[in-house]
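Here chain A shows up in two complexes: once beside chain B, once beside chain C.
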Partner chain A sequence: MFYREAGDFKTSYQGDSQTFPIKFDRYRYYAVMAFAFLVVPFMINDYWANAILLPFLIYSIAAIGLNILVGYCGQVSLGTGGFMAVGAYAAYKLMTAFPEVSMFIHVILAGGITAVVCVGFGLPSLRIKGFYLAVATLAAQFFLVWLFNRVPWFYNYSASGQINAPERDTFGILITGPNAPAWATYLFCLIFLTVCALIARNLTRGMQGRSWMAIRDMDIAAEIIGVNPLKAKLSAFAVSGFFIGISGALFFSVYLGAVEVGEAFGINKSFLVLFMVIIGGLGSIFGSFAGAGFLVLLPVVLKVFGVDVMGWPTDIVAHFQLVIVGALIIFFLIVEPHGLAQLWRVAKEKLRLWPFPH
Partner chain B sequence: MKKTLTTLALGAAMAAGPAMADLVFPDLSYRTGPYAAGGIPFSDGYNDYFTLLNERDGGIGGVPAKVIECETGYNTEKGVECYESTKGEGALIYQPLSTGITYQLIPKVTADNIPLHTMGYGRTSAANGEVFSHVFNYPANYWNGASGVVNHLLEENGGDLSGKKIALVYHNSAYGKEPIRTLEELSKKHGFELVTLPVDHPGQEQKSQWLQIRRERPDNVVMWGWGVMNQVAIQEAANIRFPMENFIGVWWSGAEHDVMSAGAKANGYKAVTFHNVGRDFPVFDDIKTHVSDKGLAAGAGDQIGNVLYNRGMYAAMLAAEAAKTAQEIHGTKDITAAMMRDGMEALVMTEEKMAGLGMPNFGPAFNVSCENHGGPGLVGVTQWDADSQTWSLISDFKATDGEVIGGLIAEDSGAYAAENNIEAGCK
Partner chain C sequence: MLDKSESFVTEDGRTIGGVVMEMQNITLRFGGVVAISDISFDIREGEIRAIIGPNGAGKSSMLNVISGFYVPQEGQVLYHGKPRPQMRPYEVARQGIARTFQNIALFEGMSVLDNVMTGRLNHMKSNVFQQAWWKGTAEAEEVKNREVVERMIDFLEIQHIRKTPVSRLPYGLKKRVELARALSAEPSLLLLDEPMAGMNVEEKEDMSRFILDVNDEFGTTIALIEHDMGVVMDLSDRVVVMDYGRKIGDGTPDEVRNNQDVIDAYLGVSHD
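Moving on to the complex of A and B:
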């Protein structure tokens, strides 16, 4: 009834090719954006920012980045944790070397540095595919973590090998450090997420995205019809690395504030982001959000329910968390192998026909 | 979705208003994961001591203590979540039992005006209270531990370590890297050779490290391990027939569960400590009557008297004594976190006080001051007896190399102050 194209006439090419062609969808999107930008910052507190919203926003950026590589271009990567570490350490070196520069610039530069590193590790993808590429990116994961542990220059020769984010600002508003207000850190990450999602959405809808998808679906056929695999694969690595680097920089500087590379950016992180992408839906921007939200929120919800509401012992709840999250992952993969994004798509199809399903 | 989130947020914000009825001691514990073997007894001891105070004395100065447990799994992200979710409940003090989480919390607690007590772990240079106003690590820190190990080896070798080779097997994290700097300084001073061997998290795979030890033939092996890494290392040492009496761990590598799995072969393994071991203290009778016999013991209740249980209990006791001190200074029963910090800074532990609490000679007597948040740094040595399955103190609490440690603390805390624009000094 509400959700359909009928009566919504497009009179320009621009109108016809916009991201949300259905009016209802478009207004929902505007409403969500207005709510996120104009309402949430006024009611946010430290707990909501640091425990829920910041990890959700930051993991969403990482998931979008990985989705471009795995979901759109079909290049399996297990190096996300390592690439996030590159972003974090790049941000740290930049923050300590140029304290007067705005955090925006640091984070973007950290993304750029990660993109370069990511392209470097993406070079083998021109020769190897599938599981073999996964192993090559796994090597990147271990190499990068080892490198940041081994070379004291990266952590400014501190005794413990930890990196700590000093207080930095943008336009005079503190973004990092313990005194940064919750709304500022939230908005800072939200702006990055919005821009990244817009870029990703439009890249994947255009020629670039089509050539990635052609490579994903069948690389030999793509080559025959004129897609340059070198350009397509490496650009996917670059864009993906850029987003993952941004998320790593935000993860370290805005969210945690102090990071130990082996613990924060270990192989577990790579798997976590990969699970987000798979559960959310490969090849879907919305899926990246849904997957990140699912894996960030579910443990918190289970904890609040088990410990605060039911009063169960914390260790029982922690074990149940593993069981329930694991069971839900299996359940989703069996019932809906295309992830949460597919559920959303099905729901939209149903909405289109509602209330007359025949 | 977004909407329900915010209604929840509003609810949480309203519910999190300060409830000043109890004295709140959050317990960021870990009863799951590869470090649970150490986390469980510590948390049990911490909980049981406050239960004892509530049951026997009606709380601290008449105000009941409330322990809020939050599971971190030794994971820094969960640690942040735990910190944010408990700080609104009127938390008086944080003891995260994790060096990684400590590094995260140091700037946060300073901004939120809540004290942080990292007993025998965390950032060593926090002993300098002029820079780290809200962080305490009395009665001893990692560098005291490292120096205590070297002092013990000096004693054994007639005061001369020159030409000896000492290997450090360490957890490859901020925790394990802490002692390296001190050991390097001490190796220069005493002329021994230091070999460092990192073990990656979680520490189940140590074959190559012990192969290297076999090749290098060090006179002594020092271990900075935690969790499952300890058991594996002791087993590996037994496998290569490394003499156990030459193998010495820091206080986080010297509990019952670390040595049990190697059986009789672990006999003679040593560890340094900053508090007493065993269950030969009157306080355990009280815990039996007031806590475990009433069925109030935390966890499974099977850890009472273990090394790490004692440490958790000691941590709780120091926190409770600091709360009492704060109540006296400020003349109010309902203390806040800021008052708690003052209480910690004015804490005086004497032999009489500990004897009165049923813990005579449980730890060293010491005073905390604004300049010194690190306590006296006295270190004793314990040894494992596999036949009777007990740890016993073989060397009393002795002073460590204050000259070397003091210099390093001044250097590291100075660097932190410069990095974060902190003006050092006592208010």
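Moving on to the complex of A and C:
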């Protein structure tokens, strides 16, 4: 009823392999995009931007990046925090060294630098897999944080050891620093998220994505079919690193503004992004959005509900928040181990037949 | 004996060409275990070549040597008359050698269509940036290769499960999907490791028909391992018999059937 594909025939292979094969899906997607680009910037204020929208957009980019590595290529990584730090510090060094250059270029370059670093730390994946690879990437996490703490060149010899985002613009609009308008920072991140999601989708529906998934599902058979494991694994690390680097650069320059590396990009960040990917759904672009939205929104919703609606003391709500988030994660993993994306898929299958399921 | 480059016509009117692949004195050891010892045989263009033997005879190891998964300690593999240097399995695949596996090795998380599309990997050349952009080169290439894949899907009669995840399929269909994946690479040499293991009579008949059709329509050279003697004797042009890593017979099905060593290996000999 609501949701039908009857009469929606494909007459070409292009039509069959497009991103949203069902017409209804496609129009909904256009509507969401139009709303996000044309309506939200006029309604946004600092609270919405900083509490919900910016973290959602930025974590979505990180989750897409990690999902390519873990969900599509099957290489478990616990180094996300460290790689985000690479993006942040690369952006910082670029911003201070070339103040005239547009922020777009800085963020993209920061992504590129992170991709190179990520490939370097991905080299062990050619020899080890599973938990052992996770430990190897954990080493990357600790090493990178240590590096940015100990080598003063990275934080430009500042006394506090922190990095602070200077005011930088793009096309004359202030993007970073405390005076940047909320709509500009929001749009800036939204553009990056949209482009990243499109790139991820294009790569995963084509041959590149198939060779990643082949490596994930059965690496020996993949190699005999003709997948070069070296190329497939390292390209996954590179693409993943590019996205995670972009998210790290945005997280530092646009969202936080000032960063102490151990606090902002510690092991907790790695786990947070990994949870987003697992809760959202491994091997699904939509799952990355869902997971990021879930873990960004849930604390906010709980706080609003506990403090503003129920009138409980703030500290109790803050502690309960951790308990409830933890319990919900366990609940979700038991009910649907394939994440929110799978729940969504099941709901769509049901809706397609509703109200006559037989 | 026939000359290496000479071709001949079989009883049923098919032309068998010259030697495509030649195994010369292959010996493969795993530590102290000799899996294959000093075996030589050849595969001619356009023929169906069977490798048979009791369990543990080294048949699958032989196939793994051909597909580059094992490197023999001694001997060499000649492909189109040239000695093949040691190479990784994916490089062997690029030379036009495709295979299926004894225990189905499909990519469980992907749909049938995606599985079969992976077979086209070596025919797709667009780079990461073109694929990230999608429009243009990558899309055109995808469509072109999709046509080949759809032909194979039609050929193996699996149209109805095109979009189904492989993990949901029954065993017999999985075997067929695996064959489709190997075929979509348009190989010049196809290796089948027990294509009929665990099938009922009907499924075996279907599979035999597909193998004969592949050989007939695409002219693909096929080397297969199989335990069902009836199938082997019906399908194959020439048979290699192995036992305990040695070659004990080589020839047409009739020659092999009357070979005393082969009969002994299968039926056993009295030791008195």
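To be clear about the criterion, the second predicted complex is superposed on the first by the 354 of 358 C-alpha atoms of A that agree within 3 Å, B and C clash if a C-alpha of one lies under 4 Å from a C-alpha of the other, contacts with A are read in each partner's own complex, and residues count from 1 in each chain.
Here is the rule we use: a residue touches a chain if its C-beta (ideal position, glycine included) is under 8 Å from a C-beta of that chain, and two chains touch if they have at least 3 such contacts.
Model, not experiment: these values are computed from the prediction.
J.: Contact-wise, after the overlay, does A:Ile220 reach chain B, chain C, both or neither (first, second, both, neither)?
T.: After superposition on chain A, A:Ile220 lies in contact with chain C alone.
J.: Check the residue A:Ile199 against both partner chains and state whether it touches chain B (first), chain C (second), both, or neither.
T.: In the superposed model, A:Ile199 contacts chain C only, not chain B.
J.: With both complexes overlaid on chain A, does A:Asn228 touch chain B (first), chain C (second), both or neither?
T.: second
J.: Touching A:Glu260 in the superposition: chain B (first), chain C (second), both, neither?
T.: A:Glu260 sits against chain B, while chain C stays out of touch.
J.: Which holds for A:Phe143: it touches chain B only (first), chain C only (second), both, or neither?
T.: Neither partner.
J.: I'd like to know which partner A:Pro55 touches here: chain B for first, chain C for second, both or neither.
T.: First partner only.
J.: Once the shared chain is lined up, is A:Arg210 touching chain B (first), chain C (second), both, or neither of them?
T.: Second partner only, chain C.
J.: In the three-chain superposition, say which chain, chain B or chain C, touches more residues of chain A.
T.: Of chain B and chain C, more residues of chain A lie in contact with B.
J.: Per the contact definition in the header, classify A:Tyr13: touching chain B only (first), chain C only (second), both, or neither.
T.: second
J.: Find the residues of chain A that appear in the contact set with chain B and again in the contact set with chain C.
T.: After superposing on chain A, no chain A residue contacts both chain B and chain C.
J.: List the residues on chain C that touch chain A in their complex, please.
T.: 67-69, 88-90, 92-94, 98-99, 101, 105-110, 114, 117-122, 124, 126, 128, 131-134, 138-139, 142-143, 146-147, 150, 181, 185
J.: Taking the complex as given, what residues does chain B use to touch chain A?
T.: Those residues of chain B that touch chain A are 1-3, 5-6, 9-10, 12-13, 16, 29, 31-32, 36, 40, 69-71, 73, 75-77, 80-81, 84-85, 87-88, 99-100, 103-104, 106-108, 110-112, 123-125, 172-175, 177-178, 180-181, 198, 200-201, 299, 412, 415, 419-421.
J.: Inside the complex, what are the residues of chain A that reach chain B?
T.: The touching residues are 32, 35-36, 39-40, 43-48, 50-52, 55, 96, 149, 158-162, 164, 166-167, 177-179, 255-260, 262-264, 266, 293, 300, 303, 307, 313-315, 317-319, 322.
J.: Within their complex, state which residues of chain A touch chain C.
T.: 12-14, 17, 199, 202-203, 206-208, 210-211, 213-214, 216-218, 220-229, 235, 239, 283
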